[in-house]
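Scrolling down, you'll hit the structures one after another.
Across the two complexes that follow, chain A remains constant while its partner is chain B and subsequently chain C.
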Partner chain A sequence: MKQVAITNFGNTKFSRDDITIESSLLSATKSLFDQTPNLTQKDIDVVLVSTNENSKYLSAILSELSGITPKISHTVENLCSSGTNAIVSAYSYIASGLGNVALVVGGDRYDSPGQILEWDKSRGEYKHPIFWATLFTKSYKRKYNISTENLAIVSVKNHRNAKDNPNAYSNKTYTIDDVLNSKNLTEDLRILDCSRPCTGSSAVLLTSENFARKFSDTPVWLKGIGQKTTSASFTKNLDLTQMNSTKEAAKIAFDMSKLTSADVDVVEIHDAFSVCEPMILEDLNFAKKGEGLSLSKNMYDTFDRKINPRGGLIGTGHPLGATGVSQTVEVVQQIQGKAEKRQIENANIGLVHNMSAAATSSTVLLLKS
Partner chain B sequence: MKQVAITNFGNTKFSRDDITIESSLLSATKSLFDQTPNLTQKDIDVVLVSTNENSKYLSAILSELSGITPKISHTVENLCSSGTNAIVSAYSYIASGLGNVALVVGGDRYDSPGQILEWDKSRGEYKHPIFWATLFTKSYKRKYNISTENLAIVSVKNHRNAKDNPNAYSNKTYTIDDVLNSKNLTEDLRILDCSRPCTGSSAVLLTSENFARKFSDTPVWLKGIGQKTTSASFTKNLDLTQMNSTKEAAKIAFDMSKLTSADVDVVEIHDAFSVCEPMILEDLNFAKKGEGLSLSKNMYDTFDRKINPRGGLIGTGHPLGATGVSQTVEVVQQIQGKAEKRQIENANIGLVHNMSAAATSSTVLLLKS
Partner chain C sequence: MNFESELKKGNFVIGTCTDCDRVVWPPSNLCNSCFGKITWKKASLMGKLIEYSKKNDMDFCLAEFENGIRIMGDLILKSKKPKIGAQIKLEKCGISDGCYSFVMELK
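Let's turn to the complex of A and B:
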C-alpha cells in the first residue's frame, strides 16, 4: 500500500458573511497556497470540492479561478461528512496511482441546502436536526442519569477552546448558567447546545510519499481510514444512546492503522449537539459507556485541549462541507506543531470523527507524524 | 497496480417519465441485482451515486432502499461527466485497497438542474448548451468546408443505432431531410442535432481482481483512465474546432493502457450535439483532423456499429448523471457479447468518452476483455 500524506492546509474564518460559495472556496485555496511556498498550480493532479451547495461544476470553477488544470476534478456530497469523504476520495486517487498531489477544498454557506433533512420522508415534519438531537439527548440523559446542567459542560468547554481559534465563528465564552439560560429550542436542547450554520471553507493538500517533502518538512500520514453507512433515515437506529456507524467506522480505522484509542493524542469529534461529544467518545473507545461526559468534564477541569481543541462544531461553527476538512486541518496543525495558542504538547497521533444525519454514516481518520 | 474489473450492469429505459430520482436510481440498481445472481447486499463496500440533482445524501438513501450498508458512500457531481467521474472514483477505492466491490449508479431527471450553465458568468445570457454547440458547429463547418447536410449523417446514424437499443429514449429513425427539416434552434443547429434531456439511470458493478469471477465469467478490465479539466468557462477555448481536454485525457488513458486507437473495437462518444462526434473522433485519434465526419459517414454506409452502437447521446437521450455510466454499460455489454441486436463481432477492446460543459473537462476510459 502506498503511503499518503497531508502536508499543507488553508482556512477561512467561519462567519455569517453573505459571500458566494465560489469566493469562499477560493479564499481557502489562496490561504493554502500562501502557506505552501513550493506549490505551483501545475503540481496539482486532483481538485475535489466538498459541499452541499446546489451549484454545479464547482471543482472546475475553483480550478479555473485558481489557475489549476487538474486531471481529476469533481464535487463530493455526503451531507455533513462531505469533507472527510472528499479527503478519503483524494487518498484513494493517490494510493491507486492516478495522481500524486490532490487539493481538497470544503465549504458551505450559512444557508446551505444540506441543513434541513428534506430527503428523509420517514421524519415527517421533524426535518430539522434538532429533532434527532433531542431524541438522542433525552435517551442518553435518561439511561445514564445525566442532567441538563451536567451536559452543558460540553458547550462551555468547546466555546472556551474556540476562543483561541482565530477562524472560529464564536469568540465568546459561556458559563454553565449561560448555557442553561440560553433560548430553549426543544425540551432538551438550548441554542448553546447546538452547532450553528455559518459560511466558511477549509483546504488540505494530500500527496504521495515521493512528493510529501517537496511541500512540507512535517508531513502527516493518513494511517487509518474507516467509513460506514448504516442507513439514511432515522428509523433504523434502535438504540438512541450510541452511534452504530461511528463504532463500525472506528473499528475499521483502528484495524487499518494498527493503533488504539490509547495511542491518540488529539481528537476532533463531530459535536453537532452537546450530547454527541460524550456519546462519540464512548463509541470511539475513549471512554466506557456512560462515562464520556466525565471525560469531557475532566478535559474542562484540567484545561486539557485533547478533545476538540479547535472548539468543536459548537464553538467553531458548522459550514457543512467545510467541517470534516476543518477538523482535519486542526489535527494536522496539532501534529505539525502549528496550532499556536491551542497547541497540545507532543501531539503525534490524531483522530478525526465526522458524521452525517443522526450518525447514519460516519468517517474516522487516524493521522500520524 | 491492482487490477479492477467491471463485471455487471443495470439499466432503466430513458424516458420523459416524471419519476423521482430515488425511484430511478433504485430501478437501475434492481436491474443490476436481477442480472447478478451471486451478488448480495453485504458484498458491496462502496455505493456511489452520480447525479446533478439537488437532493442530498442520495447514496445513503439508495443504500437504505436497496438494503446495502456500505463502508464508502457519497454523491459525485461533475455535470455531464458525473457518471465516468464516479466510475473512476470507484476504481480508485478498489485499486487503493479501501474496498473490493463497488456499485456505481448514475441518474438524472429530464428537468435536471445541471442542464443550464447558470454557474458560468462568462456566458452572459447564453447559458444553454446550444450556444457553445453553435459556435463549435459554425467553426468546424467553416474550417473543413462541411455543410449542414453533411453533418446530419451523425443524427441519422445514431438514431438508427438507437432503434436497436431497448433502453433508448428514441426509437424512431430519420432521414437526412428529416434532420434538415427539424425545428431550427439556432442558425446552425436543428433539434435533431441535439441530445435530449430525459429521465433515466444506469448502474455498474466494479470489483477487485479477487472478486471479479464471483460475479461474472467475463469480467471487463479497466486498463486505461484519462481525465483532464482545462477550465470551467467557455472563454478559455481558443480553437473551436478541437476539444483540448479530450486530447489530453485520451493521451493519459492510451499511455496508461499501452493501447492505441487502432486496437479499439467499439467506441462510445459524447455526441451531445452532431458536431461533437466527428470532432471527438479526431481528438481521440480515430481520424485525422477534418476527417471525423467521413468516418461517421462510412460507419453509416457500411452498417458498422463501432461508433456509438447504443445510439449515442443523440439517440439514447442524455440524463446527465447517467450518461457516462450508460456509455460504459454499452461497452461492457459489447465486450461480454451481451449487446443483442447491437452486438459487434469480436469486440474485445472498448473506449468510453464522456465530457462536460463544452469539453472544458473530459474522461476517457479504455476497457478490455
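Let's turn to the complex of A and C:
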C-alpha cells in the first residue's frame, strides 16, 4: 500500500457567524491555498467535504467555487466524526492509487442538524447530547469517587489552551468556581462542561509519497488508522464509564502503526463534554482506569499542552464536520513546528481521537514526522 | 402490528425473530442477526435502574428491561431515593409529536 502524507492545512475562525456553509468551506480552502504556494487547482484529484448540513452536493459546489475539477468528489457525513472519516476516505483513495492529491474540507454551522440523532428513539424525549453526557458523568463520578469540582479542571485547562489558539471560539479563561457557577444544564452538567456548536471550517491536503515534497518540506505521515462502530443507539453502551469503540479503534491504529501510547508527543481528543477527556485518556491507554482526570490536572498544573493543545472541543468550539479535520490540523501543525504559542517541543508523533454519538463510533489517527 | 403502532396505543412490545428466535432491539422490521421476519409480543414492564439524573425539576433515567433492552425516560421517584439496580416499572409509554416517550416509576 502507498504511503500517504498530510502536507498542508487551512482554517477559519470558529464563531457564531451566520454565514452559509458554502462560504465557510470556501474560506478554509482559500486559507489552505494561501499557505501552499506550489498548489494549483489542477493538482487536486479528490475533493471531500465533511459536514452534517442538509445542503446538497457540497463537494461539487466547493470544487466549482474553488476552480477545481476533481476525479472524485463527494460528501462524508458521520455526525461528529465526519471530519476524520473524510480523512480516512481520502487516505484510501490515495493508498489505492485512485488519486494522488486530495483536499478534505470539513465544516458546519452553529445550527447544524447533526447535533441531534433523531433516529435513536430509545432515548425517548432525551435526545439531546447533554443527556448521554450527563449519564456518563454521573456514572464516572460515582465509580471513581470524583466530585463536580474535580471534573471542572478539564474545562479550565482546555479554555486556557484555547486562549492561544487564534481560531478558537473561546478566548476567555475560567476558574474552577466559574465552571461550578456556570448555568446548570442538568444536575451533573454545567454549561462550561460542554463544547459549543459553532460555525467554522478546516481543511487538509493529503498526498501520495511521490507528491508530498512538492507541497511541503515537512510532510506528516499517516502511520495508523483505527475505526470502530459498536452501534448507533446510545442505549447499547453497556458500560457508561468507558468507550468501547474508542478502545477498539485505538488498538487497530496502534497495531497498524507499531506505535504505543508511550511514543505519542501530542494528543487531540474529543472532549465534547468534560467527562469525555478522562474517559478517553484511559481508553487510549494514556492513563490507568480512574486516573485520566489526574493526568488532565497534571497537564494543567505543569502548563503541559500535550493533551488538547488547541483547546479541545470545549475551548475551540465544535462545528461538527470541521472538528476531526481541525484536530488533525493541530497535530500536523505541532509536528511541523508551526503551532506558534501552542508549540510542544520536539513533537514528532501525534494522535487524533474523534468520535460520534456518545462514542458509538470512534476514529483514531496516528501521525508521524 | 409493529413497535410504533403498539406504542401509539400505549403498549411496550419487543420484537423476536420468527426464524432464529433472537430478540431484536432497537425495533426493526428484520432480524439483525439473520434478516428473518419479526413477531411482536408485549414486554414485561418491570426493569432495573441503570443510571439517573435530573434536569430542572424533572428526574430522568436509563433503565434496562428483559433481554437487556435499555430505554431513557422520565423517572418518578415519589420521595424515594434512587439506587442503581433498583426495580422500576414502565408506567406509561407513547408517541407525542413524533417523539417516543417513556415514564418509569421507582418501586
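Here, the second predicted complex is superposed on the first by the 369 of 369 C-alpha atoms of A that agree within 3 Å, B and C clash if a C-alpha of one lies under 4 Å from a C-alpha of the other, contacts with A are read in each partner's own complex, and residues count from 1 in each chain.
Note that in this section a contact is a pair of C-beta atoms (placed from the backbone, for glycine too) under 8 Å apart; a residue touches a chain by one contact, two chains touch by 3 or more.
Computed from a predicted model, the values in this text were never measured in an experiment.
> Based on the superposed arrangement, let me know which partner A:124 touches: chain B (first), chain C (second), both, or neither?
In the superposition, A:124 touches chain C alone.
> Between chain B and chain C, whom does A:239 touch in the aligned arrangement: first, second, both, or neither?
Neither partner.
> Looking at the overlay, what does A:185 touch: chain B (first), chain C (second), both, or neither?
In the superposition, A:185 contacts chain C only.
> Of the two partners chain B and chain C, indicate the one touching more residues belonging to chain A.
Greater contact footprint in residues on chain A: B.
> Using the superposition on chain A described above, determine whether A:230 touches chain B (first), chain C (second), both, or neither.
A:230 sits against chain B, while chain C stays out of touch.
> Taking the superposition on A as described, I'd like to know which of chain B and chain C A:138 touches: first, second, both or neither.
second
> Would you check which partner chain A:18 touches, where first means chain B only, second means chain C only, and both and neither mean what they say?
neither
> Shared contact residues on chain A, chain B side and chain C side combined as an intersection?
120, 233, 236
> Could you pull out which chain C residues touch chain A in their complex?
Residues 25-27, 50-55, 60, 62, 68, 70-74, 84, 96, 99-102.
> Show me the residue ranges of chain A that touch chain C in the complex, using the header's touch definition.
Against chain C, the touching part of chain A is residues 120-127, 131, 134-135, 138-139, 142, 185-188, 233-236, 238, 240.
> So in the complex, which bits of chain B are touching chain A?
1-2, 47, 52, 54-61, 63-64, 69-79, 82, 85, 88-89, 91-98, 113-114, 118-120, 225-233, 236, 249, 252, 356-357, 360-361
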